[in-house]
Amino acid sequence: MAVTTRSLTLPAALLILVLFPLFGSSFYVGLLTRILILAIFAMSLDLLIGYTGLVSFGHAAFFGIGGYALAIAFQDATTIHLWQALPLSLAAALAALVVGWISIRTSGIYFIMITLAFGQMFFYYFFESPRYGGDDGIFLFFKPVLMIGTESILNLENENTFYYFALGCLVTGYLLLAMILRAPFGKVITAIKANEHRVRALGYSINRYKLVSFVIAGTLAGLAGFLEGAHSGYVNPSYMSWHSSGIAIAIAIVVLGGMGTLYGPIVGAFIVVLLQDFLPSLTEHWQLLFGGIVISVALFLPRGATSLLPRILSRRQTTRPDSPPPEDGPREPADG
Amino acid sequence: GGQARVKVGILLPYTGTYAKLGTNIRDAMKLRFAEAGNKLGGREIEFVDIDSEAKPAKAQQLTDKLIRKENVDFLVGPVHSVVGMAMVKMARGKGPITVIPNAGADQLTGVLCAPNVFRTSFSSYQMGFPGGPAVLDDGHKRVVLMYWNYGFGKQVAAAFKKSFLPAGGTIVKEIPTPFPKVDFQAYLTELAALKPDAVYTFYAGGGAVKFVKDFAAAGLKKSIKLYGAGFLTEGLGAAQGDAAEGVRTILHYADTLDNPANHRFRKAFKDATGARADVYAVQGYDAGELILRGMAAVKGDTGARAEMIRAMESAEIDSPRGKLRFSKSHNPIHDIYLREVVQGENRVVRVAARDQDDPATGCSNA
Amino acid sequence: MADTILRTDHLSKSFGGLVAASNVSLDFERGQVHAVIGPNGAGKTTLINLLSGDLQPDDGSILFNGKHITHLPPDRISQLGIGRSYQKTNIFNEFSCYENCWVAAQSRLKTSMRFFRPASRLKTVRERAEKALELCGLSRRCDTRAAAMSYGEQRQLEIGMMLATEPELLLLDEPLAGMGSEESRRVIELLRRLAENHTLILIEHDMDAVFAIAEKLTVMVNGRVLETGTVEQIRNSRAVQDVYLGEEEADG
Amino acid sequence: MTRPAEVPILEAEELHTYYGASHILHGISLSIRTGETLSLMGRNGMGKTTLLRSLLGLTPPRRGTVKVHGRDMTGAPPQKIVRRGIAFVPEDRGIFPNLTVRENLVMAARPGPTGRRDWDLTRILDTFPRLAERTSNMGNHLSGGEQQMLTVGRALMTNPDLLILDEATEGLAPLIRKEIWSVVRTIKQSGIAVVIVDKDIKSLLKLADRNIIISKGRIVYEGDSADLAAKPEIHTRYLGV
Amino acid sequence: MELSFYLVQLLNAIQYGFLLFLVASGLTLLFGIMGIINLAHGSFYMIGAYLAYGLTEMTGSLWLGILLGLPIALLVGYLVERFAISFLYKRDHLYQVLLTFALILIFNELQQILWGTDVHGVAIPAPLAGSIPLTENQSYPVYRLFISAVCIAIAGGMSWVIQKTRLGMMIRAGASNREMVQALGIDVNRLFALVFSLGVALAAFAGMLAAPVDSVYPGMGENVLIISFVVVVIGGTGSIKGAFIGAMLIGLVSTFGKVLLPEMASIMAYALMALILLWRPQGLFGRAH
């Protein structure tokens, strides 16, 4: 049942996204690009919190590092070659390797806090460092291009091209994660989330799995940050702050959309960005509304907004026995 | 008439630490428009008002919305420098005519300057440079610099040194403190041990209140004279109380400025909003005036962009702050006052710098 | 000369001032069922924890198949072929029975750092998991969420998971606790069968079971080994009756 | 007994309990009289624990009524039901790992509903000397058996009229198990009613006044120990012995 | 610099430590003891400060303001617990993160609607307004010393209630196993509502006491939020002694950090936390599982 829902909904959604630039205005294409980028970031966070059980409050740092790597390397450049620039998001992988290696020694609340500490340290480093523009950040005046010889194949200066590039990154990321989660590796990390101690006793060296998961997520976050930096032509440390746009919102996106599913964070990104775009037009005190919505979802839709979809679609088949209450958000295994 | 309405996009913070600034700027600008009959060059006005939340990360998205979705003719904002840079980067050149009513980063009328970008407030430079002579003229030679360690604070400090050192002053020590932290106790002890003649500071808002109070509570007022960029005491009288008495600051405005424009403005603002006018309101008010001038010059024809810009950059405004003109880089040229808090009021001691300009480093405006 | 699979040498562990295991030197012979009994708090679980790497000894050493495994982490020890079940049920509550065993079975792959092939295609793992389920008697409950099973069934699953790792040496910490008589009988039967080609170290308070399947017994008291011997010897030992069995059990 | 023996301590009628959609108890009725010892038997997964949890309101039944001392308590929160004189030893023990042994005991202390204070810290520690040696251990730093003693002790600290033991002797050494049985006997003699789930049928039969066997959420047998002892076919059929 | 300078800095450090503990005390209860990840802690602190401001303006006395403000804070806490938090005890921590994050947004807006966006100050009550001379040109405000005294009282009181009283035992028990506490006849719902309200009141109380030294402004809560978490985590959750020592350590490290390693001042507390967690992954006085 869930399979049919997913197998229909996903391609349909993808089709709409692919066709969108043909109809949407350039502003909305830009807005959607932002959403896609945020969705990549949220998805990477979900790999940690929804699948591996590592609640990282420092994840936004890797997003920021992805952007900064691009900005620092091409600060004064007049053309940014994509094939030179893209590998820079690996800077985030490196940072994730170091931070992860240290952090996974702790667990639970302490893990949350040690990652927060690293996040804050990165934030302050960039905020106060005179080298990288401090709190002013760094501007980029060009967008990456992909050239073969002198022929430009992919020029991200074009809004629609950028959009498709971001969409491509999202889809690739999605497929990659979906594959990983079905593979033996995915089985291990989901088990780690469920009962770390037992996994260890079964003979897995859990720290390695956690670390690899942390690095994969960090890399993907770095890619998202890279895209954001390239898209807006501007990076600044507030991307890394835990509160203003960074981690708290990202967690909201993941949980609102549906933690422990790959499409949840994507839907969540749409919901959150569109709400933030729309609500302010209703009232000056729109955060009241936004907060209210977030609270309602947290209380009444514990599996996130995407859990509504199958419920609506399955109304016809009312005989299906409900699975037990979702107290701890039990997940569908990656493959049934 | 049958003409379409002029769209004025406003991007100001209405939530968070800067909310007060945002509302005052907006209210004063709307007051100016109202005084002019709510018409720009004969056309009705439509406002598109967006809360910037003072969040740099959102600045581009919101600016984008005003420019590409709403197609505004004028863009007014923001308060926060970093938001300003993200905004100006998008608007400069082909974007709408942009008026910055507060953000002070030097770059906005420096490297990022553009024909269509104006500022009615100040540059950080103007908050530091006139401070040097002011402190020296009061007879203080050995000075400690204390400021929040972020873009704006650093620029103010650098500008201060630029005038202070050549004129024979000594910087005993520079103490940048983490932004936006407000625990100053350790630094004050250090300050006490350094025993300078005076301290020149940059703090604003809650941090300014805390700093002034802690400074007084540590008993330092007796031996060290406290100076700062105007925001140290601006609009904070009630919160700071006695602690602020005697603190001297420089700013391009003072509530008690004795000129007709100021008296008129303060009363009108009070009547319209019920709130006391402050420097931010003045900047908003002047932003309104500047837009009015431009639109008047082209009689509402927003297509005549070059002409409008020419009119705006040559505008001479009789502002509540005194005379206001614009430099080539579209930064204000205005008097900077040395003020002292007396009985909770920022009273003008003297003019610290006449027609203070800004070097506009890196600006390519012809 | 008996073939020793596991040997502990002056193994000691204390918690603060409390000595939970003190100078434990034991030989476990290959293919034998060796039960460790003793009053509550005697240090039996502590001993198992030391053997499985869940606890690090303060002193002494452990040899498995002649190799030092002292201070190895639990995952390495498991990989060497030592499996354990826990006294306090320790399973993946939100997984189905089958998935529980699957994860256990998969641990025997050379590495699970495999990212590309769907796990479900791994035939060996599947077979191993299914066999484990069958052995522990939960085939029927294959798709039931572990948390939705009764306590006794969870205990069975606990054993099933251990079996799925195909260990050579089994450390069983009260496998029968919480099982009804029928399940107990079935598990005893299972253990007997496993004993044919495995080595078992069994902790159990159910004396009927212990006497039924154990070939050798060690009695621990206050962290020390009180006596080691055959079932007959232990059963008739005065000291053991005093500290552990009481009268009735000894003659029943 | 001063109370009229007619009013049972606990009375359940037609209990139907579900976990989500799965129907576990199918109309169970039973009553426990003052001072009575009742054993509850059945194979794994037949619903014994569920029945106990339903009686206590921990897993409220969807249909049926529960009365305590004659008062209808259906749907009341567990603490209300328990406060009328019931103590519960759950099968997973429910030790508080972050409290010391002493604290685990003291936090539960309370006089019985009639103000009786038969059990206090001293008496518990006398009964379980092993615990007395461990009073400042944290709850999770106890051996399995010690934890078991602690749960029984903690239940007694509430001076109940009715003590419910769900597999209370699980994981106990034979000597201690005997110890517990003799404690239960003492409890029984002091007029406290006891409901026991245990797999040690021999001991149960010796102790219980009445036995109930549950299979698939239904009561399939009820009778006194002599009767049950005389019916080996029931044993094989429902208990697997 | 001479010795007296370092002595005064030591005094600053200790005093800052006290202040930090005071500010974090509410979180110590809600996060440390009850295990709720309460991101709205800063908001409760802010509410306290604004209550102190508003009620002092009204009554003319900070003491009266506090007296009137505490019941209001208790009520706020009670309502938040009843209508939101109480649904989440059995859920994953992330829902608490989400919910309390939303509370930040809501309280910020409410603060703005109720009190506007000005920066306010609260006068130090007259008897405590003086200062004591320390060095030739620096003196020490009496009110800060008073705050230190209050902080010690709170630390002692909390530690006594949590460690020594049955109420404290029940709270700790409830944090680890709600159902069992219920099965022992204790009304967990009421207990938790009570404790949560107390935690909120404590956070607000800190805001009230700090209002005269801090100032009262929008967004002030965000400045204390993270550092409060750092305090609790360094000490190890569940331990009041730990939180106290954690606060002292941060006081010391950040005060002397500011003097000796000024470039690192902003990351000092985080670096300290990371180091401590590396050395003891469960905090200084936390218990490993």
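Assorted remarks:
As written, the chain order gives the labels A, B, C, D and E, with residue 1 at the start of each chain.
The rule is simple: a contact is a pair of C-beta atoms (placed from the backbone, for glycine too) under 8 Å apart; a residue touches a chain by one contact, two chains touch by 3 or more.
What you see is a predicted model, and the numbers here were worked out from it, not measured in a lab.
By the document's definition of touch, common neighbours of subunit C and subunit E comprise A, D. The chain with its Cα centroid farthest from the Cα centroid of subunit D is B.
Greatest centre-to-centre distance from subunit E is found for C, with centres as Cα means.
Of the two interfaces, D-E and B-E, the higher number of touching C-beta pairs belongs to B-E. Distance between subunit B and subunit D, defined via averaged C-alpha coordinates, is recorded as 75 Å. Chain geometry summary: the mean Cα position of subunit A and that of subunit D are 50 Å apart.
For this pair, subunit C with subunit D, the centres built from the Cα atoms lie 29 Å apart. Centroids built from CA atoms put subunit C at 43 Å from subunit A.
Counting partners per residue, subunit E has 108-109, 112, 266 as the residues that reach two or more other chains.
In subunit D, 19 are the positions where the chain touches two or more neighbouring chains simultaneously. Among all residues of subunit B, those that touch two or more other chains are 15, 149, 178. Subunit E contributes residues 1-2, 5, 8-9, 12-13, 15-16, 19, 108-109, 112, 116-121, 123, 131, 133, 135, 137-141, 143-144, 213-220, 223, 254-256, 258-259, 262, 265-266 to its touches with subunit B in the complex.
Looking at the complex, you find that subunit D touches subunit E at residues 56, 58, 77-79, 82-83, 87-88, 90, 94, 96-99, 103-104, 106-110, 138, 140, 154, 158.
Only residues 179-180, 182-188, 191, 194-195, 197-206, 208-209, 212, 324, 328, 330-331, 333, 335 of subunit A touch subunit C when the two sit together in their complex. Looking at the complex, you find that subunit B touches subunit A at residues 14-15, 50-51, 53, 55-58, 60-61, 64-65, 68-69, 81-82, 85-86, 89, 105, 107, 149-151, 154, 178-179.
Listing the residues of subunit E that touch subunit A in their complex gives 35, 37, 39, 84, 87-88, 90-95, 97-99, 101-106, 108-110, 112-113, 222, 226, 229-230, 233, 237, 263, 266-267, 270-271, 273-274, 277-278, 281-283, 286.
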